[in-house]
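Some structures to go through are shown next.
First subunit A sits with subunit B, and in the next complex the same chain sits with subunit C.
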Partner chain A sequence: MKPELQTYKSLIKAFVRADRTARIAQRAAERKQQLALLTYRRMNIAREQAKKDIDPSTRMKLIKDMATLNKRVEILKQKAPENDKKLLFVQDTSFLRDQILSAQDDRHIQHLEDIAAFVDNQREYDELIERYNPGARMSQEEKVKRTANKVGFQMPS
Partner chain B sequence: MSGLLRYSRNFTGALHRQVRWYASPVSPAGVDDAVDKLKTETNRLSQIAKKFWDQVSVGENVQNGKLVIQLDKKPVRTPLGNHLAVDKDRKILARLLQKEWSNISHGSVKTHALPLTSLIARCIDLEAANAEGAHPDLKVKIGGNRNELSNSLLRYLDTDTILVFSPRDELEGKLRAAQDDMYLPIIGSVEKFLSQHSDKPISLQILDADLHGLRGNAQKPETLAAARKFLDSLSAWDLAIFEKTVLTTKSFICGILLLQNKASTDPAKGLQYTMEDIARAATLETIHQTERWGEVEDTHDVDKRDIRRNVHAAAIAAYKA
Partner chain C sequence: MFKSVFRPCAAVAKNARMTLPVRNSILMPQMMVSPIRFYSATTDRNEITQRVVDVIKAFDRTNASADISSKTLFHKDLGLDSLDTVELLVAIEEDFDIQFPDKVADELKGVEDTVEWIANHPESE
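Here is the complex of A and B:
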């Protein structure tokens, strides 16, 4: 294999791996946000339903809305960003391809290899830090909950 | 009266220039860090632990043609308030910086998460603080006085990793053999390289555990003078990279190797090494000791990646086509 091709391959690999972790985390955050929003809307509908003086047509509409919301929540909960095949590809390869094609000398190729090595090492460093400090990314809410659990308490829901 | 007003406004302006969280100076010199208590976008990020932007983009500054990293079309700023911008021909560097920011998935970002941003910010600030006509306060704020920087960096030459040899009977002589193999040619070439900055030939003082036992190491005054001349010959940008490399590898010589290979298109004879070689040279003893005794989790593995990511980041920032 040509050295350029080898470098291109390692660049793509490094970028895919690094982006994948970040994008999974981003999607998980987005999902959490959407779930919170849907729960809020469900709560609103439930509150409406609890009212006594509503006519049957509105009641029907509320039930329907509730059903669609429940469905959306179900779908969202089933979606696991880890399984998304799209995350196994670089979104935009043309930039990297241009870089490789414009690389004329060994020095430039070496530079691109340094970039791949940097991206790889940075990702592994992040992974290690996360593995050894599981609390670092935890939300304050989660930390409080776990602290309470430790002494046998539960946070009010 | 209006003069006084303007003066006071300038003064408060200088006070309000903010040091941002992601680029805390790496200089060991005493740095005033009371300045980062102010409300800025980046301080906000570290405090509220929430991403406050949607889009990260690379824009072009119309005035100087530089590529600027932007959050929602607003430029990211360095600790001294300069724009985080790189030259137009360094597209890939701009792209990497953009990637670093767009890959942040959660708010609680720590300094270690953005190594390239913090290094480039340091380069830009050191350049700005040492530019002609710059306010002298700027140097104090980021620890950017070149003379003091040189002083603290030169201390690393005394105790350079590359200049310390372990006893021959340790690890059945394997470590010493590897050190002789790797370090001796580097030392010879670096002596030649430093001699360019001196009228006498330079010889580096090594610390051989068999001959000298347990003691500190110190270089001769003429060696230090030559090394200082070398430091003075560097641009502010290269000096920031040199500083990062030396602090990472604990070796002045590794800094020279990195700059020779990346910042100049024609490295001096005998100084051609890859970045992996440099990282290996800096951790040769650790490599051999962990081979024998095993790795300690959360220590050796993290350090290994840390050194490599920093050396490679420095190489990327130093690269000149």
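Here is the complex of A and C:
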């Protein structure tokens, strides 16, 4: 393998690994948002259904809407964002590509190699920080709940 | 930690008088939990091929994303240049949690080579 290709490989690898966690988290957040929206719409339909004076055709339509919404919720719940193979690729590599193709001397190649090492080490550092500080990313609500739990209390639900 | 071990034992002990003869057969499966190891290695070629094809399909720079078989070649059939191939191999490496040595990576020209190498090196790290 040529040195340029090797450098390119370590660059791509570093970027894929660094991106992956963030993108999984982002997708999980998006999914949560969509679920909330669907739940809201389902609630609206249920409210409509509870009304007494609606004609049969509207009622049928409401039932049908409810069924489609339920199905969409099921599909969303089954999707696991971390299994998506698209996460294994860097989305836009044109910049990296230009860099590697315009690299003329060893110094430039070495610089790109350093960038790859930096990105990879930074990712590892972040992972370790997170592992050794489990509360760092916890939501305030969760923190309060656990603090209360520590002294034997439970938050009112 | 031991709760899960003791709880079934207590339940068994309570009924011990009634079920004395069968006691052993009840106890055995809980006492002898054999350690299970989860290797990610799959040596079944069809399975590996399917996974590799899935990865290729997720790659948006390929020409013919519809029909990929084990005979597909990266350069000729998919129209990937050397940099694209590197990206694809990195994706495959990440998916299988393996690492192609540099010498091998040069020789992987198609799906078949890749699957063959992965099947032959289940423990490669």
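Here is the rule we use: the second predicted complex is superposed on the first by the 139 of 157 C-alpha atoms of A that agree within 3 Å, B and C clash if a C-alpha of one lies under 4 Å from a C-alpha of the other, contacts with A are read in each partner's own complex, and residues count from 1 in each chain.
What we mean here is this: a contact is a pair of C-beta atoms (placed from the backbone, for glycine too) under 8 Å apart; a residue touches a chain by one contact, two chains touch by 3 or more.
No experiment lies behind these values; they were computed from the predicted model shown.
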Subunit A as common anchor, with subunit B and subunit C clashing or fitting: fit
Subunit B versus subunit C as contact partner of A:38, first or second or both or neither: neither
Touching partner for A:114 - first (subunit B), second (subunit C), both, neither: first
Which superposed partner A:132 touches (first subunit B, second subunit C, both, neither): first
Partner chain(s) touched by A:18 [first = subunit B, second = subunit C, both, neither]: first
Which of subunit B and subunit C A:95 touches, first, second, both or neither: first
Greater residue coverage of subunit A in the superposed arrangement, subunit B or subunit C: B
For subunit A as apex, the angle formed with subunit B and subunit C - C-alpha centres, to the nearest 10 degrees: 100
Touched partner set for A:122, first subunit B, second subunit C, both or neither: first
Which of subunit B and subunit C A:76 touches, first, second, both or neither: neither
Least Cα gap, in Å, left between subunit B and subunit C after the two complexes are fitted on chain A: 18
Residues on subunit A lying within both footprints (that of subunit B and that of subunit C): none
Partner subunit C, residues of subunit A touching it in the complex: 1, 5-6, 8-9, 12-13, 16-17, 20, 84-86, 88-90, 93, 97, 100
Residues of subunit A defined as touching subunit B within the complex: 15, 18-19, 22-23, 25-26, 28-29, 95, 99, 107-108, 110-112, 114-115, 117-119, 121-122, 124-126, 128-129, 132, 136-137, 140
Complex contacts: residues of subunit B adjacent to subunit A: 49, 92, 95-96, 99, 102-106, 108, 110, 112-113, 115-116, 262, 265, 274-276, 297-298, 301-302, 305-306, 308-309, 312-313, 315-316, 319, 321
In the complex, subunit C residues that touch subunit A: 54-55, 57-60, 82-83, 86-87, 89-95, 102-103, 105-106
